[in-house]
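By letter and in written order, the chains are A, B, C, D, E and F; residue numbering begins at 1 in each of them.
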């Protein structure tokens, strides 16, 4: 199986913030952003795996800049690293009000997907070969984030999470 | 401001998994679950705060049991702890196929919300007074989860996260 | 087939009133309430029957208190009585504006469902054993409401509807 | 205020039964039919009143012929009679599978609406002048159905419902 | 195969302009009108063909009068002419604000459909026999519009389009 | 007002074909493609104009390759030429089934938009300066397509449409 570049999985989505997607303050609901990111990231993981994929985990997401009704939302997703049958994806979200010339980065997130074959069993996916500096940094960080996911899901003991541990114990 | 019980904020939602919510394997998309949990949890935080609330953070969520098209999804959300103007909520998701007598717990998650006044500024919320054993355990864990959120959002240095640190360094 | 309690079929739904659900006065359309009640009641009948169910009849519903855009709507449905292959369900609807501390009961209704087996033929359902005073009152009234349904559907002559008749002829 | 003809309020809607509108047997949910009928009937009442209208009551509806996914649904609504500020509408629903040359009448219903002025207060509407035999029959029956609505809503005592009473006591 | 009248394929749709269908000026988006016209015209072509149909072409559509949020949109579609396995349909769109007594014709368009048999292969459809003056004019114009469609799709050379050519070269 | 490049207005949308978007053959409805193209093209025109825009015209669109349920649809829109207050946009649509490694270009279209100021009056937009060969070809063709639009909308006499005329009269 030939390794692939992060660039090959890049997926761009554009969405309009419609009235039904907003809260009483006319800001886009956080849950809707999480939903759109899941779709963009799943397509990106599917491009890498060339298989059907299902969401396995969503890492901590924080919401800082509100997105307004009527804004144009652009979402960019790409695969950062593959682990046998799973893939971590990195997702960035920008919100833009074009007539007001306002554009902000509103969110970043990591979602993990598992590739499945036609019988619904986990399927092997190609490795990732990062090229740019940013891609390499995300590739390296993927291992630490994976440990955190396993610890939080109760599938790894905290003191076995070597990369994480060094983070919390370094002075 | 009088402290309130977690029980006062309990919110129950029931949803049907419709064809448009599923992936090509006819399983509910992870992003849709994240969206529904956000709505249930926001209503529960609103009940506690008696103010408008907005999503501030979503903690790591992992997806293990697939939910099928046609299943009945039940979501229960409640506030676990309040921190001045923010509230952590705990959300549980069950999926059920009634004619086939199959019911599984599919997800658990913690979402954090901020209460806003009519000018959109953070507003003070009542404290929480846990009653049951489970409520007390979640109340105590909230501090550790908050440290993790701050560390992951880059607003606290790992070595200042005392509760987390002890977790990773204990033998 | 063992009789079941109304409590076993209780189903609670929570919905937000979104802009697309409202009329030009920004009140929730009656038809949307009827739709939500149908979903909640169908799930409740399904819990009782442990079979697929289809809507057979909706009794007269009147709309008195308008529900506003942005309100939280809570719907509670439960089975009141079973008649061989059909079940009557009782549905209550509350509308709530939490920041304004306003909560009203907006509707009550009775919907009837028929249970179907895998060939789409009517299937026997368990009997109901009411426990509380309210459950007993609704259980008793179910017979009179059923007569009215049959008369209105042209399947019973008015003067054969004994329970109804006594109602209109008593002084 | 000049009386108007039922014909002037006729409203025709055509809808496709989409996957999300159906139950696990791929039949259109009863609640969705109730919702569509409400929209068609509200537009018809609006045409008669030339005012904004809100749903006041739905009379008993029974569901006999299932409507299938992919069917074309045609809904015809018209005002049958006006009572000061309220209007009764009559709604007919047909379901059709064109390639299979199957067309059935699936439902009939009466919905009542109240006209509102710009301050949200009930507003006077024109009288109806029925023309055809069917229109006259529905015009005459409207009084009896109105009594039933008032009795069922607890706003008229059964023994004051003269038209209804004669129905149940005639031999 | 017996020829049919345009009248037999007439399809009427009524839609409400909801908030999610509008642009930031609260006018109905052009794309939504194109979507509704496609559904109405497809049902009308299906009535003529008594087969499943798929959209083959949309002719130039221009948008002149804006349609407002809350307006009632009425769409009327009918077949104008049949060509072996394809049908041209004519669609008219009116927008109406009933309380304000404003009604305008907002659009006209021609959509072409192909009938398919159960194997997805083009299927023969009945001829059209126009009756009224308008129907005859549209029947005659259909040939010229078809030439334009073929030229624009690159399937006919401009100088072979006899009807069109005469249009541009006549003094 | 400084001329802008077509590249500055490029907008990419990714959509999944969901069950509710398809016809009984499980192919995406033509009307839904027209709707998505309108949204992508409107955002692209908005980027060029930095003003609110409304759809003014859609040129002839033909549908050749069916798009299947579950496919990933990618839409790319960009401005080709500006005419005072209006802009022509070019839109390309690809459909892709990733696990089956099938990707086809399914549609091309030209939509025209008008820029509006805050009072809803047409507003001047920057000129376009094409750079690549394709951009220049589309820039040149825009004049001829504009003539056709005006002729078809009845706002220009065919024999005044010089560019078009030469097309039909050249040997």
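Of note:
The definition used in the following text is that a residue touches a chain if its C-beta (ideal position, glycine included) is under 8 Å from a C-beta of that chain, and two chains touch if they have at least 3 such contacts.
Worth saying up front: this structure is predicted, and the values here are computed from it rather than measured.
Any chain that touches chain B and also touches chain E is listed here: A, C, D, F. Annotation: the A-B interface is duplicated by C-D among the options B-C, C-D or D-F, judged by over half of the residue-numbered contact pairs being identical. Superposition of chain D on chain F using C-alpha atoms only gives a rotation of 120 degrees, nearest 5. Look at the CA centroids: the one farthest from the centroid of chain B belongs to E.
Measuring from the averaged C-alpha position of chain C to that of chain F gives a distance of 50 Å. Taking the mean of the C-alpha atoms as each chain's centre, chain A and chain E sit 43 Å apart. Note on chain placement: the centre of chain E and the centre of chain F lie 20 Å apart, centres being C-alpha means. Residues of chain B in contact with two or more other chains: 19-20, 24, 39, 52.
You'll find the chains touch as A-B, A-C, A-E, A-F, B-C, B-D, B-F, C-D, C-E, D-E, D-F, E-F. Chain D contributes residues 23-25, 27, 29-32, 34-39, 42, 52, 54-63, 66, 111, 116, 120, 148-149, 152-153, 158-159, 161, 164-165, 167-171 to its touches with chain C in the complex.
The touching residues of chain D, when paired with chain F in their complex, are 18-20, 70.
Chain contact summary for the complex, chain A toward chain F: residues 11-14, 16, 39-40, 43, 46-47, 50-52, 72, 98-99, 101. The residues of chain F lying in touch with chain D in their complex are 19-20, 24.
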